[in-house]
Every structure is written in structure tokens, then in C-alpha cells.
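Below, chain A partners chain B and then partners chain C, in two separate complexes.
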Partner chain A sequence: MAKEVVIEHVTRVEGHGNIKVLIEAGKVKEVKFEIYEGPRFIEKVLVGRMYYEVPDIVSRICSICPDPHQVAAVEAIEKAFGASVDRQTKMLRELQLLADIISSHALHLYLLALPDYLGYPDALSMIDKYGREVKMGLELKRAGNAVKEVLTGRSIHGCTVKPSGYTRVPTPSELEKLSDMLKQSMEGAILAVKLFSSLEYPDFARDENVFMAVDPGEVYGFMGNYILVSDGERYPVEEYRKLTNEVAVPHSTAKHSSYKGKPFMVGALARVLLNGRKLKGRAAEMLKELEPKLDALNPLTNNLAQAIETAYAVERAIEVIDELLDKGLKQDVEVKVKQRKGVGVSAVEAPRGVLYHCYELDDEGRVVRADIITPTAQNAANIEKYIKVSAERLLSIGEERLEGPLELLVRAYDPCISCSAHLIKVVKIR
Partner chain B sequence: MAWTKLKAGFYSLTGCAGDLLRILNIEDKLLEIFDKVEIMDFALASSRKVHGKVDVAFVEGSVTTQKDLEYVKKIRESSNVLVAIGDCAVWGGVQASLTGVDAKELMKSVYNTEENYYGFLGEHKAISEVVKVDYELSGCPIEAEEFIELLIDVLRGVLPEFKDYPVCVECKIREVPCLIIERGEACLGPITVGGCKARCPYNNTPCIGCRGPVKDEANVAGELSMLLEKGWKKEDVVNRLKLFATKYKDVSKLIKG
Partner chain C sequence: MYVRPLIACLGNPLMGDDGVGAAVASELAKLGYEVVVCGSDLSPVLTRVEEVDSLIIVDAMDWGAEPGSVLTAKLEDLEEGRVRTSHSLRVSDAIKLVRSVFGRPSEVYVVGIQPERVEPSTELSPSVRRAVNDVVAKVRELFARLREGKVNA
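Coming up: the complex of A and B.
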């Protein structure tokens, strides 16, 4: 007899998604990670608009990762115009991405994932027994958001990010204050590593996997011009279509991606596995100790990778601020760029993985075509693959209640469903 | 009398989840806030769902799909007070700038099919277009301070007054030089409702109208003619007005030409 396991509206993830598993005669017949987030056609909103409006609009795709969307947009637009930016702007962009990593990972680790492992419906219910943890998690999240607030004018949908630079550069005293806050938040980042390394990760989701991450160059980071793949290949970001290979599926507003015919994973685990040797400071020490716990075969360990990365992001953000202060900040930078006709592609690492933006602009600087591929859209097929692997494994050991474990699995990817749903587009064969 | 907590639900329709996240981002007061309310439903943050009527429902997002429509009707039925939060809920969001574009064309351009897989309603609606809304708190995202003020009022059993002044007033208070006069920027401060403390002009960038127009008062024609005088193209000004205010009557008139 056929049985359908349905988990409607997976909670503690951003957006609206369902999990459906069809079981027939004790075997998993079909799995679906359904994304029913309403379509917003954001790329269509962009068409015909001026280039400087783009960062303000793409930010609205997602409230958890508005910053990588903005940075990816301005970098792609600059490439299309053949423009370059100074070191200060590059450093401020790195700081913006680090801040988003901190606040997003803190949100996910402490408020969304931890309750699963400790057996609570949410972080607020943990307050009596785990007050210290919740407070430190909030403190950490606050530090990341404070950096964004200063740098972009707002913790969600900042307004200062433009092609060629920031409309307002932070003052030294603002940066000093942020540095102090970040130093205080380091304890929360280290505690996250302790918490997530002490957890027993269930092994129902084990299988071979393929990983992808931006090649950051010499220093562990979140921007670059090449993509690294765990099979040893390296591709220029301009070849992103080949790497993502989107296919439409009727049950989801997100298209599915594959690489050489296989689903792949992006995100913190992919980054730490591919670039972990470039980590520094406490994160490097902790990785050395915890490396055996990071399991390439088990996506649940993504949470631990996020924690290690958060510790890195806090230390690196402090370092970037120190360097900016040392060099002295150039204020009143004129935000101006020379328009020309062109196409530009960029890739940045959002908290959930590689994010591609591609724009075709006309000689006035108007958007002719926009193409955005988000990490969760890339992960969707990988999530389905592991739902299947997990359901089969759980059934084989006589587990009847699949809901809890499957929700845990999906949540480990930290899916950002708003992002994935709004951004899927036609695959054009060129 | 025994103190009973305010029963509150936090719901999300189509959008970026930014307004609910903005609430979770009030880190320093979050525990205090949730000490005063009983969370009946907050899927973004909790797996717990309490059935029954809520005193107040905070709803973000636009009504974009059949599912959104059914959901928001259900929320309306089970809540005493319904508050629309954020630009999507109040004005339809940036996606509403596509109002008037054929739904089949949109599906075709984004999903390569004309079939309406996802129950898209054909346009992105503000919540007040489909159910009665008791209060609207705009912003993209909402301002933390305004949310806290609202919550305090709701706890006292009242609703705050609507703001009836534009962002310009807040530029004056913060002594921000006028971006239109000084630099000829296409700033929407004169028609956009205040409450953000002139966030964007303070950061040296023009207001793009994310809080929506001052209701019944925004002089859209005046804004347009002023910017045309400054040398802006009509197309670009209209595009800018459309982004967050397509549904404001004077803007829709302008779009229809």
C-alpha cells in the first residue's frame, strides 16, 4: 500500500517549503522538496531600469542575505562597464559580506538549528535552561547586524551600496565601536563551535557528494573570479551556466541544478572542505581539532562548518577594520562610474553558498537582461537527493516517523526559500 | 485581575521575510518583547503552533498566490486585530511594480511556461485589497522603533496614529542637506511617509520611497514636475515611483498615462 509522508510548511527556515515522500511497499518511490513561495519575477522588475537601482532592488530578494546580493550586483555591473574599484571599497565589501555571514550563521545556528538538537520548538523556549546560549547567540547576531547598519545604513536592505563604492564611508569612531562589539561577540562564536561539535550528528543522511565554492585566492574569503569543484576542476565564473545547469521541475518555483548530471552542494560545508586550509586564527586551530567531525558524506555537519566559519568571520572582520583604521579612511568618495554596453558576471559566497549575478547593460547603463542564481536553488536537487537517501535508510532500520529527521536534514542546509523561488529563470541555450 | 499575555501571530505571505526578520533583529529587546506576548504562530522562528483565535496578527508579504489569498482570509477570521507590516503587505512590494504586465508573459519569461503552475493570482496585491486591515505599518523593512511603539499601543488596547508627514521633515530635523536642491537627485523624500529618520538621505543617497507615499497627501504630480525641471527623464522618474508605490492612485494614473 502506498503511503505519503507530507511535512507541510517546514518551520524555522526562511520561506515556504514542503517535503513530500511517497512510499510504496516499504520503498521510497518519489521525493519532492516543494517550494511554494510565491513567484516575484524580480529579474523582470529590473529590466529597463538604470544600473544604480539594481543593488537596492536585488537586496529585496532576501532579508537574510541582502548583502551578498548587493555585492554580487555591483561587482557584476562594474565588470560589464569595465570599471574597477579602489582597495578601500573592496575591503568594505569584504566587511559587508563577513557581517552577513556572522548575522546569518548566528541566526541559523542559535535560533533555527539549535532548538532541534536540544528538543525545543524555538530558541525563546530554551531561555530557562539555556539562557546563556540564547543571549550569546543574540549578541553575536547583533554584532553582525551592527556592522551592516553602519556600513550600509540598515541591517536589512542597506542603501549605501552602489557600483563604484559606498555613498557613505564609516567614520573611524564608528569602526572602533564595531571592533569592540565584534571582540565581545567572539565568545558567542566560539561557544557555537563548542555546541555544534559536541552534538551527535545522526548518520541517516550519508552518501557521496559533490561540492562547489568560490576560489577566494590566498585568504579564506567570499569573493573570487573562479569556482572550485570537489572533483578538482576550476572554472571561471563566466561559465556559471555550465556549472548550474538549471532544469525546470513542475513541483517547485525553484529550478533544479546539476553538475555533470549530478546534484551538488554549496554552502559552509563546501567552503570549509574546499578552502579550510586557508582559515586563520582560532578558526584554523578549531578546524584542526574538529576536522574528523566534518563529514563530506553527511550534510548535517554543515552546521559545524557554519560555526567554524562564524569564528573566522568575526576575527577577520576585526582584522579588516584594523587595516582600514591603520590606512586611514578616505571619506567623501564620489560614487561615479562610466557606463558602457556590456555583460558582467560575478560570484560571491552568500551564507548559503555560491550566488551568481549576471547583467547585460546597454550603453546608457540600463538593464537589458538580468540573471541571478541563488545557492538554495543550486542546493534544491541535493536536498531532494538526501531526503531520498535518508528516507530509505530510516525505513530500512524500521523508523516510522520520518518527519522529524527529514525536517532536521532540510534545515541543516539553512535553505533560503525566498531566494530560490524568486529567481529562477528560463534556461536559454546559446 | 490576572495578567494574560497578548496572543500574537506572526505570518508571512509572499516576500523576503524581512519584516519578521526585522523583529528577530531587535536583539537587545527581543526577550523583553516576547515576555509580553504569547506566540501563537511564528513559523520563521518556531515549530510550535497554538490553535485558536489571536488578539493580533502581524502579516508581512503580498497576496500573490491562491495560497496566500486563502491563508490571509483564514488569518483574518482568526484574529481580532490584523496589522499589515512592511511595504509588500501595505503596498504590494517591489513585485507590484509589474502590475499590468500579462501574467502569462511573466510566467513565460521567468519559468519558461505559460501554464500557471503556482497559483499566481496574476498580480501582487496589498493585503487591504483582499481583507479588512486594522492597521498598516509600512517600511522595507519596517523600523524596529515603530514596531515597538505599535506593540506597546496594542498591549494597551489601542492603535497608533498614522504618520502624515514626509521624509523631508526628518531630513530637516537631522540637518541633512536637501539632495534635490543641492545635487538635483531624484529623491522621493517629499512624497514618502516619514518614520525612518531620513535613513537614506542621511547616508548620502536619495530616498527611493520604500515606506510608500504619505496617504491621501502625497503630491505625485508636483514631485514629477520638479524632477523633470531638474533634468530627469520621465521614464526614470516613473520607474522610481513605481518601485514601491504602483498602487498609490496618483502613481497608477501616471503609469496609465
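Coming up: the complex of A and C.
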């Protein structure tokens, strides 16, 4: 007789998803990673909008990673217009992406993943015993938020990011304050690496994997014009459809991706495995020491890769600020581009992996077509593959005990099933 | 007693009436108030939390009332249902977490607006749109009372 194990509403992930495992005659017959987040049709909302409205609209796709959406959008629009930006704008964009990495990884590592490994239901319950860790996590997140606030006017859904530049450039004293704050938060980033390197990662999910990440050039980073694949291939971002090959699946509002017929993984583990030799400073030293723990076959080690990246992002953000201060900030940046008909594609690394934005614009700069492929959509098929591998191996421990390990696996990807509306639901007023 | 309150407006303006917080924020900003525009995540208050004693949260809130109704209450007096929001963290839990680490804010008030429709749209429904001025007035009144140290809502 067939039996279905259903893990409803996976907790401590961004958005809403279920895990379903169908067991027949003592074997795992089918697994589903159901994403039932309501589609929000953002790509359709964009059609007919002017190019300068796009960064503000796409930032609403996610409250955890609005910044990569904004940077990807403006870069794609600039490519469509054949426009380029100066070094200062490029550096400010890098800083914005670094800040989002810090803020998002801090939240995931300290508040969402750590309770799993320390045996608590959530971060709130950890406070008595692990108050220092929770404080470090919130302080790190706050430092990331502070950088975003200075650069974009808000720590979420910023409003200064436009094609060709920022409508407001930070002052030197604002950047100096940020640098001090980041220096103080380095302790939290290093503690995260220590914590996540001391954990034992279960091996129930080990299996061959394929990875993809943006090729950042010479320095470890989150922007680039090519995509690296772990099979040695390198593709220009314009060919992203060859890499994603999206298909709709009935059980998920997120499409599934595959590369040469196989599911693949994007995110911190993919980046550190493909680009780790380009890391610098403390992160490079720590990677050297911890490399054996980063297991390409075990997606659970994504958490350790996130911790290493957080340390890198803090150090690199300080370095970028120093360089901006050294060079002197041009305050009178004219945010103006010349519209023309065209198509532009960009890829940036969001905290959870490669994010593609593609826009077709008409000669007035209106959006004719938009295509946005998020990292979690790319990871969905990979998550499903590993749920199957894990469930098969774990069946012997009993169906009723599958929930914990399978949730741990899904959470390791830090999936951003995407938040839509936030609403306080009140059941009683005293 | 001088108490510095902070106003935090939550809500996604692309999700119909959920965007009422953003609409209130823009009216308050026109009047010269400093407002933290939070979108769908309360974490933007983190960068200000050490400067303030009290927090006023403005958000769409479902308590089964007539659409456009406005309710002001202490956060502690609201029993929140299980919400499927960012990482399953309810507003009350997020505040508990922040308080445990930073010892602030001591007082949290919610000015909630009952939505009519929460679905993809950039428009507020008429009932909620009509309530915006009332919400702004209630927030201003609460802000003034908190500043003067008259902290009973």
C-alpha cells in the first residue's frame, strides 16, 4: 500500500512550501517539494512601465534580498540601452550587494539554521543559553541594514537605485560611520565561521552535484558577465536560457530548472567551490583551513560556505568604503540614460545564488517583456533530488522520523520561496 | 519624562490593502515625521532601536472588523494568530527578540487597519483609502502623547 509522508509548511524558510514523500512497498516512489506561494505576476506588472520604475517594483519581490533584484534590473536595462556606468557607481553597487549578503546570511545562519544544530525550535528559545550568538546575529544584520540604508535610503526596498547611478551618493562621514560599524561586526562574522565549522554535518544527503555561479573576474564577487559551471563550461549571461531550461511543474508555483538534463545548485556553496581561490583576507585563510569540511557532495555544508562568505563580505565592504573615501566621492552624479530599443540580460549573485533579469524595452524605454529567474527557482529541482536521495537512505529510521532531517536539508539551501504580503493576524484583543 | 517614539510603517504597496502602511508613511513624511518604511519585514527598525524608547507600528491587520476600521492597541494586548510571514516570525516574537538583545523598545503600540483586499494591486480599496487620514491623525496623537510621557494608549 502506498503511503504519503507530508511535512507541511517547512518552517524557518522564506515563504511557504511543503515536502511530500510517497512511499510504496517500502521504497520511496516519488517526492515533491511543493511551493504553493501565490504567484505575484511581477513580470506582467512590469510590462508597459517605464524603465526607471523597474528597480522600485522588482525590489518588492523580496524583503530579504531586494538589493540584488535592484542591481540586476539596472544592469540589464543599461545593457539594453547600451549605456555604461562609472567606477564609483560600480563600487557602490558592489557595496550594496555585499551589504545584502551580510544581512541575509546573518539572519539565516544565526536565527534560522543555528536552532537546528543546537536543538531549539527557534532563535527566541535560544536566548537564555545562546544570548551572545543571537546578539551577534542581530548586530551583523544591523550592520548590513545600515549600509543599505545609507546607500539606498532604506534598509529594505531602497529608493535611490536607478539605471546609470544612484540618485543620492553617500557623504564621507556616513561612509566612515559604516566602516566603524562593519569593523565591530567582524567579530560576529568570525564567530559564525567558528560555530558552523565546529558542527557535524550529517551525510544522509551526499550525492553528485552540479554547481553554477557568476564568474566575478579576478576578485571574489557577486557581479559578472559570464556563468561558470562545475563541468568546466563558461557561458555568457545572455545565454541564460541554455543554463536554466525552465519548465512548469504542476505541484509548484516556481518553475523547475535543469542543465544538460540534470538539476543543479546555486548559492554560497556553489560560489565558494567555483570561486573560492579568489577570496582574500581572513576569509581566504579560513577557507584554507576549512576546505576539507566544504563537501561538494553534501548540500548541508552550504551553511559553512555562507559563514565564510559573510566574513569576506564584511572585510570587502570595509575595503570598498576605504577605496571610495580615498578616491573622493563625486556627489553630482547625473542619473540620465539615453533610451533606445533593445534587450538586456544581467546576472548577479544574490545571497541564495545566481539571479537573472532580462528586459526587452521599446524606443521610449517602456518594458515590452520581462523575465526574472530567482535562485530558489533554480534550486527547486535540486532540492527535490536531494529530498529523494535523503528519504531513500533515511527510510530505515522510520517514516515518522523523516521530518527533522528533511527540513534540515531544505533549510540548508536557505530557500527564499518569496514573501508576498505581510499581514498581522489577530485572534484575540484583550 | 522625555520619550522618543519611532514610527514604523509596514506593508507591500504591490499587494493592495497591505500597502496601507506605505500610504500612511508617505502622508506622515509630508508632515515632517521621521518614518521607517519597512516593507514586509520589521528588521529596518534595528538601525534605530537604540535611539528610541517606544515604537508605533502601522500595518494592515486582520481582526475580522469592517474594512477600513482602525484599531490602536498595545502590542501586548493583541494575541497574534500563527502568521505565515517572513520566516514564521510574528511581530510580537520579532519584538521579543529585539528586546532581549537591545533592551528596547520598552513600549510598542500597533495602529492596525482592517484590509478589504490583499492581492496583487497598486491601489487601496475605497474603504481603506478613506481610512488613511484617520490613521494619520491617530498616529500623530499617539506620537504626541508618547513624547509627553503620557504613555497610556
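Just so it is clear, the second predicted complex is superposed on the first by the 413 of 430 C-alpha atoms of A that agree within 3 Å, B and C clash if a C-alpha of one lies under 4 Å from a C-alpha of the other, contacts with A are read in each partner's own complex, and residues count from 1 in each chain.
The definition used in the following text is that contacts are C-beta pairs under 8 Å (C-beta built on N, C-alpha and C of every residue); 3 or more make two chains touch, one makes a residue touch a chain.
These figures come from a predicted structure and were not determined experimentally.
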Practice problem: Could you look at A:Asn275 and tell me whether it touches chain B, chain C, both or neither (first, second, both, neither)? | Solution: neither
Exercise. Would you check which partner chain A:Gly48 touches, where first means chain B only, second means chain C only, and both and neither mean what they say?
Key: first
Quiz item: For A:Gln339, is the partner it touches chain B (first), chain C (second), both, or none of the two (neither)?
Solution: neither
Quiz item: Per the overlay, which chain contacts more chain A residues, chain B or chain C?
Solution: B
Practice problem: Please indicate which partner A:Asn303 is in contact with in the superposed arrangement: first for chain B, second for chain C, both, or neither. | Solution: neither
Quiz item: chain A residues touched by both chain B and chain C?
Solution: 9, 11-14, 16, 40-42, 45, 57, 60, 63-64, 66, 103, 107, 111-112, 122-124, 127, 134-135, 138, 141-142, 145, 154-157, 424-427
Quiz item: What residues on chain A touch chain C, complex-wise?
Solution: 9, 11-14, 16, 40-42, 45, 57, 60, 63-64, 66, 103, 107, 111-112, 122-124, 127, 131, 134-135, 138, 141-142, 145-146, 149, 154-157, 419-430
Self-check item: Interfacial residue positions of chain B with respect to chain A in the complex
Solution: 12-19, 21-22, 24-25, 27-28, 30-31, 34, 39, 42-48, 61-62, 64-65, 67-68, 93-95, 97-98, 101, 106-107, 109-113, 117-118, 120, 124, 140-141, 199-200, 202-205, 208, 210, 236, 239-240, 243
Quiz item: Across the complex, what residues on chain A touch chain B?
Solution: 9, 11-16, 36-45, 48-50, 53, 56-57, 60-64, 66, 103, 107, 111-112, 115, 121-125, 127, 134-135, 138-139, 141-142, 145, 152-157, 159-160, 162, 167-168, 248, 250, 253, 418, 424-427
Quiz prompt | Interfacial residue positions of chain C with respect to chain A in the complex | solution = 10-15, 18, 37-41, 43-44, 46-47, 59-63, 71, 73, 77-91, 93, 96-98, 100-102, 110, 112, 115, 118, 120
